[in-house]
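Below: the structure, in structure tokens.
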């Protein structure tokens, strides 16, 4: 018998083998040969599946929670997480990413805390809430991306008479799997009730290509707010430059910017990549897949997205999850803007990144 | 009611709330406020627990598997994994690390494959097996650390008439959680049956402080074998230098070396730290804890180790697992050498590393 | 005789020694012991000295050159270099930096070339010239910093009926000393006669914290223009934030920004640091010195500067050179803005950087 | 007249121009257009030229200096520098490198000092001197490379009754041009008179691929001695592996190792590259040139080297200098070993590196 024909797996009804397997179990041992394919598949077999959550479902449920559930110590936030149907029992959007809608009623506050989990907020509609990050008041408005890097104290307060909802993204599943989570309550009193148009960190760091000479060393991005006006302008310019003949876009009709840490030029957050994509009306993107997962939220417009074998008609506010190695393609009906976040910095840091784009025939 | 007194958690028997929670479930949503403490604990609450596996148990079971279970395609390796009792259903030594005893009978071979999981072998006793890594034949002998970085083809062959067993360490749990695993079978025929004393990679890269000018660019360590003779000498010198008054050891009586990539000076493997520790007889180390987990194997000598609340008498070949943030202390009876591997490079790359050493009073 | 009393220097009238020294010379050798102090001084003994050049002198001479000297191939640019009086025979502002006023008459052009020397332009007054960098037309206006990193083709053209002058800064002395200069003529025809308000590189890269996903890899900054409107705003905000109690400035009354490469967060140019400083009226800065040299140009306002033992009354357009290790202090009469460029990235890259600030008593 | 025909250079006998040039001189200004070709040549025009110094000349002169010139404070070292004939008035081997033979008589000592200049010693023959580096006694023996990175105190002492000579290499010209030199005298008493076979730093750091866990952070290489036995073995293995079919050498018959910092895998010194080359008998290497300069010393064997247009017959101990961008080719008569040092790390750090190898037809 050649090696190719033989397998490691023995005849299963051998009484010696039965005894051996029982001895393994007694000794806290598990043989590889009965599990190898499951442990080491030919390509990623993610537990998470493609999944869609509609804004038209999310928002009313969040509003109802606003009516019924107070915000306070312990629960900390009125955030409702997207639970991937492929990951039963865990409130995870993907294997590594947590995503939720957070809702804050008129004049409500959410108390200060900090955690090693990395977080951001993205605002698909509304305004009127400020997030204080280590005491710096950061306004939240439509289209803005707001950061709360790991271990920074943060709290939210709604200064208006209307509610506001937004998306929270965190690396809770990753940090949980890594047993790396630390959490600490902050003061019960708001650090500040100021409502400046622009935060201190934007005033110091929000100038293109300019860094303060008197800069403190810091591990995470000092710029905590990326405003829609800049994101929109950058996307608009990419498409305009492409129309003038420049090689400025990801692919025809597909502009995209990455939110970056101005101290390093790298991702704005250490474990989460954040991007805004713009697809011109009628654009169909080449199916692309990455090792690692992502969550997208449509910011405006409508279209059809394919994620692996699934196909979704999507519109403003709708969110969908992309498991590892599942190809994604976007077909924009109208012009379509979409926010995307992923765990790619993790794979790049660990030497595990792979990407593949289907070449058009 | 002040915010400090209030909590997010509402009265649980409210029928509106019951309906809301049912609507959440129907919509694939999970509220944070009912799970926050579990999701974001004050400090790591690892599922893995301190655990001990004795060599005197492992080796006979591996030998019995050698009698009953052939090695071949599919199962690939006669490797028996340490299954942490705190992680039921998974053959994982810790949340991120897989550890196993692998056994190869006289004249046996284990077929070529490659995978994105990072791997090493450590030899606590015996010799006579060569691991071919991308065609380079690497002898395995007592005290040696042998690398098979991700996506390198490797196969094992026993050239002698006596069996041999050793320890395999991989990042299978990490790569599984990250859905980043790719696996590929190699040729069924051995790449080489050569049995050189030193491998090609050692002949080129195994000279202290010397790198070849004609060096190919590569992501992982080009040095695949770290021989006991060097490790032993380095540890011996640390203790000797300390005795002469130099600040050469981790702490009094505790020498330690890290296996490094000579191209970078950093860890020999991208996701796994590998170290050898030597404790002089009678040494008691300061309890130290890290975010992230580790597995130790006693290489020689005996002593007592404390891992969190557990306490083990250990001798040659015994392995123990250390969960995240559990303090470890070693009390060496005789002189004690121990191999340690951990996932610390992952946390350092992601900005999640923390360590704490208890200061003696 | 103790070693401390003895010196290496022998009696100089020994005939054997005379013959030895002659033999040294014949063999192409030089003894260290007769030169050690000169070769290895206790602290830097720069050949460059503190020096001042007044705009009121420079500009008329440049205009006269505009009348008498055509621009064309060979000479390439109508640039007039600041020659440090301490470096005789070389047109160098400092040991490593070249600085010049460049003047372009109405409708004139300066032909395309490229060189490994790193260059920038800074505009103290006027507008109407575009610099084409690898075919991208970059407007030059008051307060702007424009880059031409090494080995990029560039040409200038004045599209107006009025002349324009600006400052060029290059690392010519450094590259000359390193024998690292390459130079190549470009096409004689202008790459483009477009006169866009904003260049392509600004449209793609000039958004705070945003980088294109479709970004080409490049060694130098992709952002070639830093506009006064942003620089001014950043400085204004630093002083305003400091007035509100933030730790936002270099020292009281002294705001400063560094021009950075958005791909890395590091200096905009690989060998030259570029900064804009703003001193509130009445500010007196702590004397500070660096290893390495710098050149400053007053952009607006007036005051007194001390450089080593020299003291200058300065106003708009005036330039002064600071040799290595000479302390600089600025006393602002009115509010004073000053552009500064230095060679500090070189010293940081080579492990030779030192800085020292005199602490106020 | 087209731009291509016109040049910037005006008619030289114009009285207005004569006055302008005089005004320039009075104002401390120099026009670019009269100097551009000299300042910015098409390719490097180094002042240093190919040059050869014979050991048979050097050693006797050094010995005679040993008879006539004491070693002591002020002169500091009995070192005799190679003065490149293309760089008149300066004791520089190349534009950036200083090289000297240092000679220490029986029982002599050279007093402690430190400087920001980076230094090494290479021993072509003899033994019996120890260099104490920050108090660590480092034996110097044939074939060894010994480091004294910038700002480390060092002193030499001959413990034998025979003289010893070796080569010193430093970056004095570079540091001088950069005005970055600091120098400090150390104690007059020897830090230690110990004569260990191996230094402390070798005992801790001299194990292949192993780094101490208790490692202090440091900017320069912690390994100060690279022993001939390792260098020789590494070169021998490269040639042997190549003979077995591996791609192990720079080119056929040409083995080479680089001395590296085990903390980083990069060059052992921050500004100087150090390498040992071995050429099998009869080998002729492809002409190769680099931006930047180098100095070679034949360690053993003989052959012919071409440097630019020069051609030298060389044997043991002979040194030759290679200016920037001059092609070098070696024709080994017998087997030939040669030590090489260069300034390439400087150019790589500053983005100015270029290399070119002539492809055989």
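So that you can tell them apart, the chains are marked A, B, C and D in the order they are listed, and the count of residues begins at 1 in each.
Note that a contact is a pair of C-beta atoms (placed from the backbone, for glycine too) under 8 Å apart; a residue touches a chain by one contact, two chains touch by 3 or more.
In UniProt terms the chains read A, B, C, D = Gentisate 1,2-dioxygenase.
No experiment lies behind these values; they were computed from the predicted model shown.
Q: Please report the smallest number of touch steps linking subunit B (Gentisate 1,2-dioxygenase) to subunit C (Gentisate 1,2-dioxygenase).
A: 2
Q: Determine which of the two chain pairs, B-D or C-D, is joined by the larger number of C-beta pairs in contact.
A: Taking the two pairs in turn, the one with more contacts turns out to be C-D.
Q: Using only Cα atoms to place each chain's centre, name the chain farthest from subunit A (Gentisate 1,2-dioxygenase).
A: Using the mean of the C-alpha atoms as each chain's centre, the farthest one from subunit A (Gentisate 1,2-dioxygenase) is D.
Q: What's the distance between the Cα centroids of subunit A (Gentisate 1,2-dioxygenase) and subunit D (Gentisate 1,2-dioxygenase), rounded to whole Å?
A: 52
Q: Distance-wise, how many Å sit between the C-alpha centres of subunit C (Gentisate 1,2-dioxygenase) and subunit D (Gentisate 1,2-dioxygenase), to the nearest whole number?
A: Subunit C (Gentisate 1,2-dioxygenase) and subunit D (Gentisate 1,2-dioxygenase) have C-alpha centres separated by 30 Å.
Q: Using mean C-alpha positions as chain centres, tell me how far subunit B (Gentisate 1,2-dioxygenase) is from subunit D (Gentisate 1,2-dioxygenase) in Å, no decimals.
A: Distance between chain centres: 43 Å.
Q: Can you tell me which residues of subunit B (Gentisate 1,2-dioxygenase) touch two or more of the remaining chains?
A: If we look for residues of subunit B (Gentisate 1,2-dioxygenase) contacting two or more partner chains, we find none.
Q: Take each protein chain as a node, join two nodes whenever their chains touch, and name the resulting shape: line, ring, star, complete or other.
A: If you draw each chain as a dot and join those that touch, you get a single closed ring.
Q: Which chains touch which?
A: Between chains, contact exists in these pairs: A-B, A-C, B-D, C-D.
Q: What residues of subunit C (Gentisate 1,2-dioxygenase) sit close enough to touch subunit D (Gentisate 1,2-dioxygenase) in their complex?
A: Subunit C (Gentisate 1,2-dioxygenase) residues touching subunit D (Gentisate 1,2-dioxygenase): 2-4, 6-10, 14, 16-17, 20, 23-24, 27-37, 39-48, 51, 53, 57-58, 61, 64-65, 67-85, 91, 95-96, 98, 100, 109, 111, 115-117, 150, 172, 174-184, 188, 219-220, 270-271, 291-293, 323-325, 343, 346-347, 349-352, 354.
Q: Across the complex, what residues on subunit C (Gentisate 1,2-dioxygenase) touch subunit A (Gentisate 1,2-dioxygenase)?
A: Interface residues on the subunit C (Gentisate 1,2-dioxygenase) side: 200, 203-214, 216, 221, 223, 226, 230-231, 233-234, 237-238, 240-241, 246-251, 256-265, 268, 275, 277.
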